[in-house]
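In what follows, subunit A forms one complex with subunit B and a second complex with subunit C.
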Partner chain A sequence: MIALLMRDLRLATRAGGGFGLGLAFFLIVCTLVPFGVGPEGGTLARIAPGILWVGALLACLLSLDRIFALDWEDGSLDLLATAPLPLEGAVLVKAAAHWITTGLPLVLAAPVFGVLLHLPAAAQPWLLVSLGVGTPALSMLGAFGAAITVGLRRGGLLMSLLVLPLYVPTLIFGAEAVRRGAAGADGATPLVFLSGITLAVLATMPFAAAAALRVNLR
Partner chain B sequence: MTRLSVRDLAVARGGRRVAEGIGFDLDAGQALILRGPNGIGKTTLLRTVAGLQPPVQGTVTADPDAIAYAGHADGLKSALTVAENLAFWSQVFGGPGPGAALAALDLGRLSDRPAAMLSAGQKRRLGLARLLVTGRPVWVLDEPTVSLDTASVALFAAVIRAHLGGGGSALMATHIDLALPEARVLDLGPHRAGDGGPTGPGRTRAPAGFDEAFA
Partner chain C sequence: MSIWEYANPVKFMRTSSAILPWVAAGAALCLGAGLVWGFLTPQDYKQGSTVKIMFLHVPAAMMAINIWVMMLAASLIWLIRRHHVSALAAKAAAPVGAVMTVIALLTGAIWGQPMWGTWWEWDPRLTAFLILFLFYLGYIALWSAVDNPDSAADLTGVLCLVGSVFAVLSRYAVNFWNQGLHQGASLSVKAGERVDPTYKYPLYLCMLGFFLLFVTLLLIRTRTEIRRRRTAALLAREVRG
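Let's look at the complex of A and B:
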């Protein structure tokens, strides 16, 4: 499992691996919003939690189809399926690699983008924690979507349509935690719900994704 | 000792039976070559034996951790070097290190080269070298000699012979004569699933269940 994780991380950081694309996309979304909404600080501060979460979600979506599609094309997926490593484990590791290369940089960079959007300082810790808790669920749900659509030509759009509705609970509770933080209230309740969603997703989705992969490999 | 035992096997591709009534045994040190025209189901049979898809009928008896499968695609990452590709599969399968495999398929000089820079034949050789680092006894090979030149085919035949000599087994579909006199040949031609027109058994037989419909 470590070997697979290291390989995926290495592939992501080499030429053509797409590392940092999600981060750049996130940056552009956060820069575009003030142009569209206007530079008025009060408006921006009010919508910042939602914009930051939606931006992170879309940035995450951007690289999802790479999780399995590349391994499918070059035949590695067949070989992984016959390897001693259970397919569920492989799914979990690949989702983890996706989170480390896409989700984690978003979490770490989010406070900077929060400043861009006039997010109140009180909300910054909530933003960091809620993204840190929520983005693993985004990667794992995405791995499920990628497993369902693997092998389809132009499956990326279909995958987005399948995955985005599944992101809704994470988005609701993640953005709510930040919004409460910005209002100076206690955001612990939505944060607990968010953690619950992430844990449930991590517990069930590897099995669902591995089952989908097995059907698609036939 | 029988490593791999196939009994009355029927395989389907896209929900339609392609070959049926297949049976053979493969012991340590034995090789079996599948022959037959395109579309007869050689690849489907090999994927079924490798456990990538379920049989429609019949049984495949083998230790699932004994089989190393090599299909049409080599499973190489073009951004990684030759040695890194092999080292990865060696770690995943817990097999021996890449050194001997590199030497056996004459890839030593290329070991630091990114896989993207290899020719088609060199990629194929790297794909076959992967079999050696899996450390698994039963090789299931689908057209292993595609894009290999004469010298490389001889190299590959020597690798197969060494594998058999070391107590391994090999099941392969190939059109090339590998000069393996000890290998048995199974012609799939007579096993083509009955498709005698619209009333033939191959056409009218409805899938037995949900799983089979997607097999």
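Let's look at the complex of A and C:
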């Protein structure tokens, strides 16, 4: 599992791996929003939690098709499926690699973008924690969507349609935690729900994704 | 005699062609009578004539959810017992369910405009229905995107299972996110009735009509899918010589 994780990380960080692309996309979203809604600090501060979460979600979505598509094309996915490591484990590792290359940079960079959008300082820790807790669920759900659409030509758009509705609960609880933090309230309740969703997703989704992969590899 | 006999397409075709006219006639009768009766009910003291939208809105919304549950059951039967008719029934039900969702959302908007003063409100029930509609769209899109019919049935089956969990999760998550305008359940087996008998009985008739309408459409569409599968098999045999 560790070897597979290191391999995926190396592939992602080398040239052409698209590492940091999600981060750049996140930056662009956060730059475009003030153009759309106007530069008043009050407005921005009010919508910042939602924008930051939606931006993170879209940045995550952007790189999802990479989880399995390249391995599908060159046949290494077939090797993974026949390897002694259960396919569920391989899926989990793939999702983890996606999170480390996309989710983790987003989490670490989010406070900077929060400053760009005038997010109140009180909400910054909530943003950091809620993204840190929530983005693994985004990667895992994305891996499920990628597994379903891996064999399809032009699967990218379809995958967005399949994956985005699955992101709704994560988004609701994640953004709510930041919003409560911004209002000076205690965001612990949504955060607990968010952690519950992440843990449940990590526990169950590898099986669904592996089942979908087996169908596509048939 | 077991229900699994109908997993045999020939048996299914024979039985369904026998009961189809009866179900269709029942649907027409119930819907016609229910809607006319509903239209002739007196006006509500507060809502005026707009209360009559209920006779379309409530049954459509109910069917939109129930059709998804039926798809879930059919997907499970397909994934566990590999009965093709079951997978085809799930495929056939999805567009009907999507249309029911649209009817519920549209009639809700038309009803909401005079009553709440808004076509759309980000109310938990309304939002959950919109999300359900998105799930229907994704499910239908996935069916049409995969070429191999068995793979398509498998993938949509898995999607239906995961989607069901997340549809329910979203339904309760949106409660957390916003308080709503929409009333809670008015018809309930447990908590007693809160709908006046004047409206209740035509409403029940409409619900029955919508249910029979769904069964009619489902049978017709499943029969079409089976025939399509047969023509594909015949063509493949022809090509092979």
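Following the convention adopted for this analysis, the second predicted complex is superposed on the first by the 218 of 218 C-alpha atoms of A that agree within 3 Å, B and C clash if a C-alpha of one lies under 4 Å from a C-alpha of the other, contacts with A are read in each partner's own complex, and residues count from 1 in each chain.
Assume contacts are C-beta pairs under 8 Å (C-beta built on N, C-alpha and C of every residue); 3 or more make two chains touch, one makes a residue touch a chain.
All values derive from a computational prediction rather than experimental measurement.
In the superposed model, A:R218 lies in contact with both subunit B and subunit C.
In the superposition on chain A, contact of A:S76 is made with subunit B only, not with subunit C. Within the superposed three-chain model, A:A208 lies in touch with subunit C and out of touch with subunit B [touch as defined at top].
In the superposition on chain A, A:W53 makes contact with neither subunit B nor subunit C.
In the superposition on chain A, no contact is made by A:W126 with either subunit B or subunit C. Comparing which residues of subunit A touch subunit B with which touch subunit C, the overlap comprises 215, 218.
Residue ranges of subunit B in contact with subunit A, taken from their complex: 47, 50-54, 65, 67-69, 71-80, 84, 88-89, 91-94, 130, 214-215. Considering their complex, residues 131, 134-135, 137-138, 141-142, 145-146, 151, 154-155, 158-159, 161-163, 166, 169-170, 173-174, 176-177 of subunit C touch subunit A. Within the complex formed with subunit B, the residues of subunit A that make contact are 2-4, 7, 10-11, 14-17, 73-76, 78-85, 215, 217-218. Only residues 144, 148-149, 151-152, 155, 158, 161-162, 164-166, 168-169, 172-173, 176, 190, 193, 197, 205, 208, 211-212, 215-216, 218 of subunit A touch subunit C when the two sit together in their complex.
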